[in-house]
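Following: one structure in structure tokens, then a few remarks.
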Amino acid sequence: MRPNTALRAWRAGKQTVGAWLAIPSSFSAEAMANAGYDWLCIDMQHGLIDYKDAVAMMTAISTTNTIPFVRVGWNDPSIIMKVLDAGAYGVVVPLVNNREEAERAVWAAKYPPLGGRSSGPARVSFYAGDGYQEHSNEETAVIVMIETKEGIENIDEILSVPGVDCAYIGPSDLAYALDMKPTGDNRDERHQQVCMELYEACKRHGVAPGMHTGGLEFTTKWLKAGFQMVTMGSDMNAMRAKVQSDLATVRGDTGVQPTIVEA
Amino acid sequence: MRPNTALRAWRAGKQTVGAWLAIPSSFSAEAMANAGYDWLCIDMQHGLIDYKDAVAMMTAISTTNTIPFVRVGWNDPSIIMKVLDAGAYGVVVPLVNNREEAERAVWAAKYPPLGGRSSGPARVSFYAGDGYQEHSNEETAVIVMIETKEGIENIDEILSVPGVDCAYIGPSDLAYALDMKPTGDNRDERHQQVCMELYEACKRHGVAPGMHTGGLEFTTKWLKAGFQMVTMGSDMNAMRAKVQSDLATVRGDTGVQPTIVEA
Amino acid sequence: MRPNTALRAWRAGKQTVGAWLAIPSSFSAEAMANAGYDWLCIDMQHGLIDYKDAVAMMTAISTTNTIPFVRVGWNDPSIIMKVLDAGAYGVVVPLVNNREEAERAVWAAKYPPLGGRSSGPARVSFYAGDGYQEHSNEETAVIVMIETKEGIENIDEILSVPGVDCAYIGPSDLAYALDMKPTGDNRDERHQQVCMELYEACKRHGVAPGMHTGGLEFTTKWLKAGFQMVTMGSDMNAMRAKVQSDLATVRGDTGVQPTIVEA
Amino acid sequence: MRPNTALRAWRAGKQTVGAWLAIPSSFSAEAMANAGYDWLCIDMQHGLIDYKDAVAMMTAISTTNTIPFVRVGWNDPSIIMKVLDAGAYGVVVPLVNNREEAERAVWAAKYPPLGGRSSGPARVSFYAGDGYQEHSNEETAVIVMIETKEGIENIDEILSVPGVDCAYIGPSDLAYALDMKPTGDNRDERHQQVCMELYEACKRHGVAPGMHTGGLEFTTKWLKAGFQMVTMGSDMNAMRAKVQSDLATVRGDTGVQPTIVEA
Amino acid sequence: MRPNTALRAWRAGKQTVGAWLAIPSSFSAEAMANAGYDWLCIDMQHGLIDYKDAVAMMTAISTTNTIPFVRVGWNDPSIIMKVLDAGAYGVVVPLVNNREEAERAVWAAKYPPLGGRSSGPARVSFYAGDGYQEHSNEETAVIVMIETKEGIENIDEILSVPGVDCAYIGPSDLAYALDMKPTGDNRDERHQQVCMELYEACKRHGVAPGMHTGGLEFTTKWLKAGFQMVTMGSDMNAMRAKVQSDLATVRGDTGVQPTIVEA
Amino acid sequence: MRPNTALRAWRAGKQTVGAWLAIPSSFSAEAMANAGYDWLCIDMQHGLIDYKDAVAMMTAISTTNTIPFVRVGWNDPSIIMKVLDAGAYGVVVPLVNNREEAERAVWAAKYPPLGGRSSGPARVSFYAGDGYQEHSNEETAVIVMIETKEGIENIDEILSVPGVDCAYIGPSDLAYALDMKPTGDNRDERHQQVCMELYEACKRHGVAPGMHTGGLEFTTKWLKAGFQMVTMGSDMNAMRAKVQSDLATVRGDTGVQPTIVEA
């Protein structure tokens, strides 16, 4: 079976950099997969991506060695099993609040006796190669998101659930949990302190700490802080940041005015 | 009928900045349409975009005031008529070599008596509003690409075809035509000289000169040179340039090494 | 942020007319959006429409000022959040039986502190414009369907849930709840009496009363009765009614007999 | 092989009524196929329908006995062969101007020795049943559109091409050909006279005369005039006519004003 | 209403042979539907098939008399109702553990008063013909999968739930339940004994016993054992088995070596 | 640049075995790509596959080392260039009749100065890796189909066109050309003799001889005859052959009768 190089890196104490995929296109996914990230996460929660898109995008990622993850929309065994059957090497489960929910995520992602995943690998048997069902429990990453008040409070019980590989912070929802505005790359001290407390909890439990960011600055910041699964924005963020910046520069340098009035 | 603000700008001697769309997604198209470009061109020639994608992308662009163009794959009346019916306000026709081919493009894009476009606007009647068929001959841009040896030689006969609104240079194919390597943003003197000769021909014939570029630097350069339809790269170029640059910076600043070996 | 003109109308005591969309096509959706309805509701419960279709249809509706709603298939936070992120300005939640279920719907549709909606607007930030996350709790309509025995019995507790904007009657399921055949446009006195009792309950609680209909006659009837969110059939109903009626007329007037035998 | 009941009806001197399909959806196609038309024509020329849509729509039509035709975008052998392989029992070829073009259409639609259609039925072998390749030349309708000046002038040479089964008038393009505005259901005397001259030419050559209409009134009119392939509008026309009429009635009867301002 | 010939066969004590569909394509589905199976089951659990694919595939199957079933991904009323509205004549519900879960499946599949299915047949009203809502409770098959420890233990309470038509064994998950490796076509004695015990339980309760197999050998075996709903592999299994076998034969007979090295 | 192992094998005098893909699905394509063929050819001529499907299928094939070819629907430079940009390593061009048509195919597939392919690799630059534009003229296979009377007559002028890599026989169309019924795997002596004459012509011109077959028997036969590009049926053929044979066996062995009557 093809190894999960991202998961193995975490287990070896190494850090990884990845990106979020929000554009429902196998072409942009393939471009991102050729950019040198360690992993990519297809976002079925907040992007416009549905299952069919995710399959096409996983196929595109599979033309490279970049590891494909999927963030599912909900902690729902049906979709967790379905994206794993389609080729995901890890699932990111949003809004995990307590031990029971963490166990539910693990249960869906692991074959018996560790969990209750139903037998029937489909596309993943092509991607993973021989021995998938024997070894997938070892190579499939379960990544729980910590981003709610309950999740923060119950962090130790969540991280002590066997099979949880990574605790990934969603800083924007975390801001809501801290009664702040939903800022993603957040400079607030209390926010950052909570992130570091979660980091410490991960270290206590031997779980890889993860962090979502909007791009370069915070990616660097949190990698330097030791986080192991750190996101550098998304396909969509990168595209928009670049075109807005460059267009402003071009209009500034040339004085060419817009011919449209924004609706 | 909704006016073609890009075409009217050219007629008024103004310059415009747009971008190419290569990702077959209405979501990335809608993001690009909200970025402040004067127009966007959906690339059905070299991107992975087919007709169905193009319709979805034109719909997305129609939520804004940005003008939608389509580059068709070939100087083929069937597809020219079909993208116009679906909402394109202009067609970019590649590889136009001579007067006959320019006339063929105009013929397909204009209703009688100017051309032979078949009657049957579909989606465009929603986009354009009342009076589409009466006024579309005035508001539909015909943009011929000049990028072959023959096209360069026959530039005056091409530009004298009534109904040709813009001559758009494809610098990479133009390089082939000049027996060079297919470099897009081309610093070669002869290449640049030919571009300026084509620019002068446009000025002689009252046709807007256009230029494709890969991004910021050449967009600025050719706008300063007076080109009126200047492209600032594409959705795909912008995304890739940004992530490759930022990922290199992050890896450099943090020393976090790749965990994958490129296939 | 773009205002929700339908929701604001209800708050101002005004009435609105909309339609259901059952055909999974952005083209028919765009046609319907240009017809002059106040709102359109994309039916993900009983139509053949999946999430991807719904996104395309919302995009098409966004080319106009008609307000897009989505009826989700179930009172499921995951899909409620996902259609809102994609551009819905309101969700219609079927089969709401009690306070807890109404609260669950509101929880999914509202950002903290009112609810638990996860942060991550995607397409809706293009549609709504600046300030979406600050103001969306005010502009997002939560429409609960009252159509079960339990729902009728618990109407007061349902309507007293803060954040419920409209109680929408599904007359066909309501007929089942009253132990009748599932007739939509229902002339039965008891059925109509229950509808009016639900209407009165809405008035007591300051919630807009809504009613589904199959077309013209009942739309008029229920608007005259004061309902504020009244549906005039669907794209599919309109198409079928028209072609069946006209075809019968043509065959009758001309005597041209069918050449096919129905399977 | 399943018989082409529409084509056989024409050969038997009978009249048929059908409709155009402009909405790219198998669901609306299946609804239309259950409405009692003799045939349906999937419009790949002016609708938003591409090949993939057409395949899905033909599949839906195949659940009934209604005969599926396709109007291709152009007189192009490649697409003619491809829609026949996918299950079309007839092709409508637009803008046929002369004998050569009529022969080209027939050539593409017929297997050797009558034509040059390449061997390789795909889906059509399921639809047609046993014996498709032996009998398809007899059961596949070739319908040429007469709608240009040249087409009118060359009507006799066009209709004398063996294998042309029907001459179908596109009244809107025909109006252009007569230097009129592109009105479809056309009350102009000269327009109607030309239509009847084409009808007479069909009768001279044993070819079925066909006519496109926007709906009820002209369908009846042209059936009474003897046309054999008469269209009664389209899915889209029917839907729009119905909702616009009913919405005006509802707003008129109830006084409920629009809450949106059209963009 | 069109009868459910598979369900009626079971009620009459007859046996049926069907196949699983794992390839998300209406074309392969239509080919399979023309092969002579009694029913086909579209697999939304382990295949790559989403709802949109399932609709297209049901449409394709509807061109024949083969009965369409759908295996849903989870015992979720929303998707059960949605596939029935789209044309499924039966649902296969995985991982049913106890009476409550069996009741939940039946509740979703039956209209009141037997269940809670919401009123709104969409495509199925075309497929089934007149009288669908009156008769669908009689013609819609509810097939529960028995494949977990709990399911085996609770078999009598599950089978005594009114409305359960068939108990279908998933042998691979059943192997997990018996603490074996997840072998599908299983020669283990204990596995086979459990299957026969489940068969006997079905006979006690008047429920049709069903069995999944990977192909020919076990299909024959379990039909001979009396099972009434027996699967003969899948589209994907058949394709792969054939090409692997034939390619090995060809390479062996000709000595033509592979030119690629497997990745 | 990734080498074209199939083309290089031909140049080295080796033989290859591949298959045709007729099912428009990336999943079946990925399954076929894992089966051990040297190459796969996506059929855009007679299958139901459009450009968008072909892109998805090429992406799936790219997860393996199997070489992707595309048979285009027509000798049309636009689509030839577009499938190459999307990742095809070879094009199969049907119905090539003479030198001019062969030159046209080569012109479309080769960059200047050998041809007129427009510059703008899209997805293929990911698949091929660095140096695509420099080396693609060497690694892109041009495969012309010989299957018409004219093609047979002009075989020497066709094969002498520089850039033609393979002459591929379509035996079913070839049968039409020989005034026979369109049998694919053809036992007729004259048919086989013509095939061998074409083989000899290939040998004279240093062009690889290719042959289409329906499966095992003729694949072996023509490989033994020395053909270098030999097809072993298709995904669809394999699936159908297997299920029909196995179902007949099962029904025969068990006596279980069909419960459906074929439509």
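When the chains are written out, they are named A, B, C, D, E and F in that same order, and each has its own residue count from 1.
By definition in this document, a residue touches a chain if its C-beta (ideal position, glycine included) is under 8 Å from a C-beta of that chain, and two chains touch if they have at least 3 such contacts.
Here the structure is a predicted model, which means the values were calculated and not measured.
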Both-way neighbours, i.e. chains that touch chain E and touch chain D: C, F
C-D or A-E, whichever has more C-beta pairs in contact: C-D
Maximum centroid distance from chain B, chain identifier (CA atoms): E
Chain A-chain F separation of Cα centroids, rounded to whole Å: 41
Chain centre separation in whole Å, for chain B relative to chain A (CA means): 36
Overlap residues in chain A, where contacts from two or more other chains coincide: 22, 24, 27, 31, 48, 50, 52, 55, 63, 76, 122-123, 263
Pairs of chains found to touch, sorted by chain label: A-B, A-C, A-E, A-F, B-C, B-D, B-F, C-D, C-E, D-E, D-F, E-F
In the complex, chain B residues that touch chain D: 50-52, 55, 76-79, 81-82, 85-86, 111-113, 116, 118-123, 133
Contacting residues of chain A [partner chain C, same complex]: 22, 24, 45-48, 50, 52-53, 73-74, 76, 94-95, 147-148, 170, 172-173, 175-177, 179, 181-182
List of chain F residues in touch with chain A within their complex: 26-27, 30-31, 34, 55-56, 59-60, 62-63, 122-123, 126-127
Chain D-touching residues of chain C, taken from the complex the two chains share: 5-6, 8-9, 14-17, 19, 22-25, 27-28, 31-32, 35-38, 47-48, 63-67, 215-216, 219-220, 223-224, 232-233, 235-236, 238-244, 246-247, 249-251, 253-254, 256-263
